[in-house]
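A, B, C and D are the chain letters, set down in written order, and residue numbers restart from 1 in every chain.
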Amino acid sequence: MRIGVLTGGGDCPGLNAVIRAVVRKGVTVHGHEFVGFRDGWRGPLEGDTMPLDVQAVRGILPRGGTILGSSRTNPIKIDGGVEKIKENLAAGGVDALIAIGGEDTLGVAKQLFDKGVKVVGVPKTIDNDLNATDYTFGFDTAVNIAVEAIDRLHTTAESHHRALICEVMGRHAGWIALHAGMAGGANVILIPEKPFDIDRVCAYVESRFKTRYAPIIVVAEGAHPVEGQMALQAGELDSFGHVRLGGIGEMLAKEIEKRTGKEARTTVLGHIQRGGTPTAFDRVLATRFGLQAIDAVHDGDFGVMVALQGTDIVRVGLAEATKELKTVPPGRYEEAEVFFG
Amino acid sequence: MRIGVLTGGGDCPGLNAVIRAVVRKGVTVHGHEFVGFRDGWRGPLEGDTMPLDVQAVRGILPRGGTILGSSRTNPIKIDGGVEKIKENLAAGGVDALIAIGGEDTLGVAKQLFDKGVKVVGVPKTIDNDLNATDYTFGFDTAVNIAVEAIDRLHTTAESHHRALICEVMGRHAGWIALHAGMAGGANVILIPEKPFDIDRVCAYVESRFKTRYAPIIVVAEGAHPVEGQMALQAGELDSFGHVRLGGIGEMLAKEIEKRTGKEARTTVLGHIQRGGTPTAFDRVLATRFGLQAIDAVHDGDFGVMVALQGTDIVRVGLAEATKELKTVPPGRYEEAEVFFG
Amino acid sequence: MRIGVLTGGGDCPGLNAVIRAVVRKGVTVHGHEFVGFRDGWRGPLEGDTMPLDVQAVRGILPRGGTILGSSRTNPIKIDGGVEKIKENLAAGGVDALIAIGGEDTLGVAKQLFDKGVKVVGVPKTIDNDLNATDYTFGFDTAVNIAVEAIDRLHTTAESHHRALICEVMGRHAGWIALHAGMAGGANVILIPEKPFDIDRVCAYVESRFKTRYAPIIVVAEGAHPVEGQMALQAGELDSFGHVRLGGIGEMLAKEIEKRTGKEARTTVLGHIQRGGTPTAFDRVLATRFGLQAIDAVHDGDFGVMVALQGTDIVRVGLAEATKELKTVPPGRYEEAEVFFG
Amino acid sequence: MRIGVLTGGGDCPGLNAVIRAVVRKGVTVHGHEFVGFRDGWRGPLEGDTMPLDVQAVRGILPRGGTILGSSRTNPIKIDGGVEKIKENLAAGGVDALIAIGGEDTLGVAKQLFDKGVKVVGVPKTIDNDLNATDYTFGFDTAVNIAVEAIDRLHTTAESHHRALICEVMGRHAGWIALHAGMAGGANVILIPEKPFDIDRVCAYVESRFKTRYAPIIVVAEGAHPVEGQMALQAGELDSFGHVRLGGIGEMLAKEIEKRTGKEARTTVLGHIQRGGTPTAFDRVLATRFGLQAIDAVHDGDFGVMVALQGTDIVRVGLAEATKELKTVPPGRYEEAEVFFG
């Protein structure tokens, strides 16, 4: 078989580990050959390919990013896009496709499968918000990067008398904030799933200042106050209700300073959560995902996504995988609340 | 309630995170008070205690080691040991005990429970070889430390023409070697569960030298050759069949040099796998274990051990937890073999 | 002798290492005793002290922050402040003072010395902009943190087609940006010492996009465009000519997007550059500074600051140390320019 | 000009950074072209070359190892070796040579220069024992790796009651042990320059066990006891007086256990000190060395080695650079002794 591979959506540590595992097992064990499509769905849409063999994947296991490049090109939104992809796959003699990506990429994979394309999906999101898998690779790396930052903020918080805010990724789901905040010993964790009460946040800040430690607040970029608080003006929230300008971290700092009279400073981790070498957990998970994905192709088991359940790598239907976001359940947030204040 | 806490056995990153979670939730939410027993079972055996309150656990979350100290004292092997512990607990007004430790510590906990002591166990082993839980804290940290070392060895292997051997922990189970080797891109992984064929190992080494990369071999300290190989002399294997002198890594290096004529060097990570700050994964797991353990005590649910199953923290019987070692199953080793050579 | 110790100004990894070295050598070798003043000059001003002996400094070597606390209290700006300090020192039986801090803290030390107080200074600034010493501790740590972030941005830059901007500390001197940018392989480095030409920056960005790599720009927070560029409106620059709102990183991203039509994203490292465990270089430097400072006190050599010259720790007059900022000389910037674009 | 580049001797983080700087400035600023010689002096000896242009050095700055490969081939020890190199350089149209390496490599460079070859040297040794330069790249990385390991050992030492020994590199000079031990807060540091008294070491160990902390001993691989101690048998010391079998760390552990009755465990860091990504300090130093080396070639200033003096990169004669080892002076060791015990 001749199998195409592509990576779509935002950067995520572990993409290269998946590609390597797919190619190594596909060539060595199953005897398949591979073609790489560049920049996500743009590759098959425009017929932009690159060679992909054992030599091409040497040494990429520990490297962040993706040797195939990525983009947010969505063929569904392009007139005749899906047909164009089918034509290009046929013209290139591509028998099957492994699509590595998040909700959007897998949604396209699902539609292509429904139209007869032989496709297997590999879930990818640093936000960990994909249904049907316990974890996605990249998440553990992002959490560790955030925790390392929070550890560093602690020493400053202990020595100076300042509230320190760390804004982490998570537009719709608070997994990174929850795990990083819990692991980092944050005094408050704010997530999109639960609008926060600014009065309560400030009460935590003030009670903390009475000890010799200063407060550290971990806030997901998609967190927001309960309606009516923090006097947001028109245009400062976007259509999801997220803070638009300067970010919620910055806005929170200003509000805390105003209400408590204490200095507050914000660190915005941004893209450093998405890059660099993956943790051991993510390398193992990505490698095992890749092995299972090529096995699924080899078995002729299409329309599936590989997933982690407990310690097993399983296959689930693409439909199940993409039907809704996995957000933080209340019970998990309550665990963390024990340590607030 | 007045609750005793102790930590037994070898060092393991995350012990302090468990202690903190137990005390924080126990005091703040449930209103209990605590007493720390020093140095594992030596503490209750000799009545050696230390204060353990919210102040005592401040700032310990990211710190390796254990503020309670540890030891390998086993009261079962001491005449009247178990009775002495029961007396000391009664004398100190201790209503229940949380024992954090590995197979040995939990085995004692089981026996004490059978004799009427109210005890809850928290599993701890960097080797990840405890039954009934998907993972134990400390394991992820150990694997990451080993992977960082292997990453460093790669650049030397690429630039010089040497076989590099990394010996990691794992006397009876190869989990650290398996995960670190897979994440580190090792060319061969040797684990206790599967005696290795030195001819095959040397064949991998030689085939690797034909590329511009040199081989990296990850070996668990408990790995050993198939019977009759490597000309081991009387006294070089202990009663488990493990290499006794200098370690298997050192012995393997000598054997590879002798058979292939290539230089081979060994790094023995030793205790650095057991110390230092835990990874985010281990901090979250240890914290959640602590929360569940104190809830079990509060619920009066004794004779149980907390465990990770999927993403949930559950309670399992101490008997189930301690009945046998969890070793690497053949299927997991076969996954890794795809990348050998 | 009874010697007071204080730490002033912003957080800086290595402060605790200085304190430990001062106390360990002072007590063990010279037989002095110590008192800690809390929160910089606020301590002697208000007579707020804490015990400082060998036990108090145990285990603090690797820890960021300062066990003494810090503040920006400036007794010179307080009516009768300097006299109040002299009184409190006399009342507390304090024979000499070791003041660890930056330009402001050492400026106060200089004035106190001029008024007869026996004081020795230890230089501290993560910005590395203090005259008379080759390096200050904290700088190496800050640079390494920034480089780790830049390394992570590279993988995203390679896989996606975006300009990535990393804003680092350095309000008046570009040392962190220069070293981090050079070590991180940045395509452009912007420092306060040299106003940048936005046209040239955009030309670098565009030329880089023609390769398969995307540009990474490291910008010191105090960097600014040449006069008249980037259409800054009234109020967007402060009295030093620094960008006020959102930061120069954010503003640069917007300008690059506007001019090149490419996406640009900013990471603001903020306080994580100031906290956490010091690098080996900073621990050794801070320890040697502490040893030299207590020797100076013991020798009765007051009015001096300890300094690094080559591999030697020497003593220089406080006046020399504080007379002007050490900014990046043109030759060092030209070295880095070789790699631009 | 057509310029050859080679890297000789053991692995050292920063080699690639030197190569990149040489080529980038050589091509972009000076307009030279380059050829890479493979595996140190073996390359010019056998005429084994590889292309070396701007494309070849892209992305190598943060990577350990050397893209040119290395070896310990010494042409001086080969009959007609130096003449063969001259012939091959002439035949390949190579006008000048940049040799990056340690004492041996630079010694060959010196002899070639004496025989009319246009050569510039770049010093490389993780041991930091080269004369005429304040530091060599690779040393800072090695020290940081060792300190990270020592930090991890501390938590085990605090929680268990064991002496922990960390063996680091340094066969003839104790720089890594001195800096790592000082930065890591070791209780004893043993270096080759000063034979140790095992009675005194054991006294430190015993006094430390009386506190709640256990001792950590950092030992350079070349350290050895004063004559007559530790009952070394014939054949256990090599011709330098270094411990031959198992290493000094292992031997010290046994001796401490025998004399004090306490458990002692050894970690041997080995090659992980030599590999992996360089620290920021080493990347900047290596880059600046490369820039100065290509400038020297461009200036026609041959027979020199680049060196760090204070914060300046200078040129010194190859003769001066290679005349003797730079060992730890007594004053630096006495600084560290303040913290012993």
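In this section, a contact is a pair of C-beta atoms (placed from the backbone, for glycine too) under 8 Å apart; a residue touches a chain by one contact, two chains touch by 3 or more.
Source: prediction; values computed, not measured.
S.K.: By that same contact rule, can you tell me which chains touch chain A and chain C alike?
M.R.: Shared contacts of chain A and chain C: no chain.
S.K.: Treat each pair of touching chains as one step and give the shortest count from chain A to chain D.
M.R.: When the steps are counted carefully, the minimum from chain A to chain D is 2.
S.K.: Please indicate which chain is farthest from chain A, where distance is taken between mean Cα coordinates of the chains.
M.R.: Checked the centroid distances; the maximum from chain A is D.
S.K.: Taking the mean of the CA coordinates per chain, how far is chain C from chain D in Å?
M.R.: 30
S.K.: Based only on mean CA positions, could you tell me how far chain B sits from chain C in angstrom?
M.R.: Using C-alpha averages as centres, the distance is 41 Å.
S.K.: I'd like the Å distance between the centres of chain B and chain D, where a centre is the mean of that chain's Cα atoms.
M.R.: Centre separation, chain B to chain D: 34 Å.
S.K.: Among all residues of chain B, which ones touch two or more of the remaining chains?
M.R.: 151, 154 - these are the residues of chain B that touch more than one other chain.
S.K.: So that we know how the chains sit together, what is the shape of their touch graph: line, ring, star, complete or other?
M.R.: ring
S.K.: Given the complex with chain A, which residues does chain C contribute to the contact?
M.R.: For this pair, the touching residues of chain C are 7, 10-11, 13, 15, 63-66, 69-71, 145, 148-149, 151-156, 158-161, 164, 212, 246, 250, 265-272, 274-276.
S.K.: Name, in rising order, each residue of chain D that touches chain C in their complex.
M.R.: 21, 24-25, 28-29, 58, 61-62, 134-135, 140, 143-144, 146-147, 151, 154, 179-180, 182-185, 213, 277, 279-281, 283-284, 287-288, 291, 309-311, 335, 338-339
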